[in-house]
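By written order: A, B, C and D. Residues from 1 in each chain.
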Amino acid sequence: MSLKDRDYFNVKLERQDDESLWLKCKACSELIFKKRVRENNNICPKCGEYFFLTARERIESLIDDKSFTDISKSIIADDPLNFIDSKPYLKRIEEAQANTELADALILGSATINGKGVIIAAMEFRFVGGSMGSVMGEQICHGMEEALRLNRPFILISSSGGARMQEGVFSLFQMAKTSAVRAKLSENKILFISIMTYPTTGGVAASIASLGDVIIAEKGALIGFAGRRVIQNTTGEELPDDFQTDAFALSHGSVDRVVSRENLRDELSKLLSFFLEAE
Amino acid sequence: MKDEMTLAALREQINELRRLNANGEIDLSSEILLLEEKLRRLTAASYAKLADWDRVKLSRHPQRPYALDYIPEIFGNFYELHGDRIYGDDRAMIVGLAKLKQRTVMIVAQQKGRTPEEKKERFFGMSRPQGYRKALRVMKLAERFSFPVITLIDTPGAYPGIESEELNISGAIANNLQEMSQLKVPTIAIVIGEGGSGGALAIGVADRIMMLENATYSVISPEGCAAILWRDNGMISEAARALGLTASRLKELGLIDEIIPESLGGAHTDLQETAANLKEVLIRHLSYLSSLSNDELLKERYARYRFIGRYRILPKE
Amino acid sequence: MKDEMTLAALREQINELRRLNANGEIDLSSEILLLEEKLRRLTAASYAKLADWDRVKLSRHPQRPYALDYIPEIFGNFYELHGDRIYGDDRAMIVGLAKLKQRTVMIVAQQKGRTPEEKKERFFGMSRPQGYRKALRVMKLAERFSFPVITLIDTPGAYPGIESEELNISGAIANNLQEMSQLKVPTIAIVIGEGGSGGALAIGVADRIMMLENATYSVISPEGCAAILWRDNGMISEAARALGLTASRLKELGLIDEIIPESLGGAHTDLQETAANLKEVLIRHLSYLSSLSNDELLKERYARYRFIGRYRILPKE
Amino acid sequence: MSLKDRDYFNVKLERQDDESLWLKCKACSELIFKKRVRENNNICPKCGEYFFLTARERIESLIDDKSFTDISKSIIADDPLNFIDSKPYLKRIEEAQANTELADALILGSATINGKGVIIAAMEFRFVGGSMGSVMGEQICHGMEEALRLNRPFILISSSGGARMQEGVFSLFQMAKTSAVRAKLSENKILFISIMTYPTTGGVAASIASLGDVIIAEKGALIGFAGRRVIQNTTGEELPDDFQTDAFALSHGSVDRVVSRENLRDELSKLLSFFLEAE
């Protein structure tokens, strides 16, 4: 799998959510019945290419049917810096909310996986690039505190470009905040499984996502701190073909496993069984 | 900053008059006093109205004092330690033992380098994974011996290179964040120049976070922000303003504890004065933090980080 | 070992008779029983008188079962984990979660590789610093969740290469020794093949040290010892004997706790039988160790290591 | 400084202890008055080359005059394996004892450095290559326990080829033994300074010597796990010029400092002052 240029990045994250019943796979160019794709974990039934999964689809693909209960706090982004780029920050948030029907870039709930109770959270890349601002930081911490309170494992599925620029240092410090709360899980023997997907980068990679007791990379994930362009511009280095891929992370010791999307649920179930008392 | 050149010219003239005065042939002391007062006023005015982007440039000023300039002014007997015991010795991250008023402290500091050779050796102050791991190693050493930890932050950011990614820079930074949140000794972080994003934060989780007056601290560089959000290099100054990266703004926002005044015109105009201010602040805060038990210390630190963030609470439906 | 070929021929003949017997035309069962008994006797005698050097060769036998052969026989659900989170993933050191009689344990094992490709990938079982650091990482993970740690030792030694020295292999091994001496969970180390010096010991500090019957454990390879002390490759067998590296010798010397019997002729003749013996030993010792409090466990472990050594006490003058 | 071959190794460790009043420096070929060399920390007054220091000379070069008190246990090597190579092990020990006037390859005592009390130990390379067997392991542990009891820093100066082969696994396990006792110093905030000299290799490098709170390499030290020949034979790799030198160890992050012999005492004194209460 080649990650040679930005285009690929865009293809990976493209979401053909129009009314059409059909969808074109960019990998094998086949026109496929969209429903079949959605039912197949958004994997191309022809060539096996992974299409983009929304946070909600992601969670549903991993948990027992109808076991999800939203436990997120009722909070939405503030605008502490009165940030305006091409549009005001809160306008951007409103649009993202309308577009995704989410309050911010994270879904958080309790659920069961093969009957085992967990707290599970997933980032929504369509919501301002899955960026971590004050809301996501708080929701992740809230999720970990619920895991502590209920003595359940905490599972976080990352899909993010990093910290949310529009909240400035508030966003930066969410890295420290989530890492500090994560330490409480360690102290109290609560399992934290981090799942990295396409893409897990920047401030999210450099904080909570890299702190899993077990770190699983989804096959095809993009995992890294700095962007390819930044690295090339700063260093002039030629990037290897597998740079920041799942295989790169595995061979360099950054993640425990690479798991294909089809097997992710079974893997989680198996992994959980080691950490839960015989039931 | 055009102002800077005008002010520099005035400063030079005053020095010239001082030399004349020193000859003893004419008494110019009252004129000099007047000019000095004028220089002070102009400088203060000029720096007060600095745009945020100018402040960024000041925080990167080539003459700005670096960690190794401050350390001998503030501490006694700096004894540098080296290496992460795993892979290498990052010269952009200097660590070591020092004395602050008889008390042993551990210093962890980012260092940019002054000469071209030194800049290269120190990767322009961009720390690499081996640097963050070295920092953590000595912080754990400090914890073992109950030495407070003082970090001096000054980096454009963590070094973005292939080797950094191979060495799991994400994991190195994340690990420092977690470990520093639990370090059982008083910790003080001071941004002395550039506080460049995660690369700065990775030695910045502490009981006190302070900034020098002209230092900056940001989630992303104004250049990077302008490129991503505006897709326009002309918007760098606007991005700098939007990011809220100055000491005064961050103090207003409650994200830092204190602003440490610099000498008039910026720390590079008077290292001794700025260092003295820094030292006073360190001693004062360390004295308070040392009065706390470990439990109190960690509880306060945890509360600080647990509650960082600004959001709106939706009314229950 | 010439004996081995004779024994193999006899074994083949017995199998041939079994096949004839199975046809049902003639009843050979009593003859087969007699031959089997004879084979058992000859094998036992042959292996009992094995020279130490032959035992070394047996511990390195190309057909000898490796960690990944035993694991599925003994444990349920092996779930491999990867990486040191710093630099790499050493394939000569495999680690992961598994179940032993419903109980979760952490396995840390050295693996040599069977095919030429696998041997290369696994560096012929020679662990590198990234392997020792991976091992330590998961042992600390096990400690956090109170999982006992079981290590399976099988290595010619730590990998002697430039990269190993660059990555501070000395520090990696030393660090494991110290950390394992303090790990707050029951730990069992079993030498299943070659126990090659520091490279073996680095995952071998434990509450129980056991060896398979034909495994060896030595401060240096017989080849290395002969080269250094005798400067004569002809003295390898003599060096093997002098080093006292067999399970029986080490048990006599009080350096290991128990010898785990292998199937007759060596573990490679009957993996299931050897694995069953191994499993029984693991369960028995784990059951005892789990009955101790952490304090008792660490105290016993400390006493064990504190008093290892043989020396003479000089009378006070 | 080149470490290209075994000859250099021998030169570094050569001890011209004959009756002659003169000594020839192998580095600059000068004939030098031996007494002047001995008074100069065994450094060549012409070219600065370091000659071999005995354990006793080493300790005397670091501590306050006449401050040394031997605190070692009265023990000598046993021969648990009845080990005979070119000569019986105990014969080898007796010869080394006669040759060095030491009981085994370690000197251990209490002393002061600029008035600061320490427990200090140094390995004697002339005694069976400074190898660590049961006696050295026990003496090091005894030293650490004395450091604990008296609340004093522990300083160990290594000069060793590694574990002592003639005691087999007893020697190997001294690595674990010393490391386990070393952990007690950490628990009790007792400083441990490790000084690595030419050579610090094998089982000594891979245990106690690498566990210093602070690790100092003497300028010109040889520091490594595996021998050059073993590495070349196993891997066929071309070894870099600075391989396993002090500079190599420093640049690869294995040691805290490289210090020249002349400055070692002052460095120690300075370092100790950070860890001792203001007196």
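Assume a residue touches a chain if its C-beta (ideal position, glycine included) is under 8 Å from a C-beta of that chain, and two chains touch if they have at least 3 such contacts.
On a predicted model such as this, the values are computed, not experimentally measured, just so you know.
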So which chains are sitting against chain A and chain B at once?
C
Using mean CA coordinates as chain centres, what's the chain B-chain C distance in Å?
53
Per the C-alpha centroid definition, the whole-Å distance linking chain A and chain C comes out as 42
Sites on chain A at which at least two other chains make contact
252-254
Residue ranges of chain B touching at least 2 other chains are 85-87, 166-168, 171, 175
What kind of graph do the touching chains make: line, ring, star, complete, other?
other
What is the complete set of touching chain pairs?
A-B, A-C, B-C, B-D, C-D
Going by the contact rule at the top, pick out the chain B residues touching chain A in the complex.
158-162, 164-171, 173-175, 177-178, 181-182, 197-198, 201-202, 204-205, 217-220, 224-225, 228-230, 239, 242-245, 250, 253, 255, 301-302, 305-306, 308-316
Please give the residue numbers of chain A that touch chain B in the complex, ascending.
73-78, 80-81, 83-86, 103, 133-135, 137-138, 141, 163-165, 167-177, 179-183, 202-203, 205-211, 223-227, 230-231, 234-235, 237, 239-240, 243-244, 248, 252-254
Complex interface listing, chain B residues touching chain C:
85-87, 129, 133, 166-168, 171-172, 175
Contact footprint of chain B on chain D as seen in their complex:
186, 189, 191, 213-214, 250-257, 270-271, 273-275, 278
Per the contact definition, I'd like the list of chain B residues that touch chain D in the complex.
77, 79-89, 97, 99, 102, 104, 130, 134, 141, 144-147
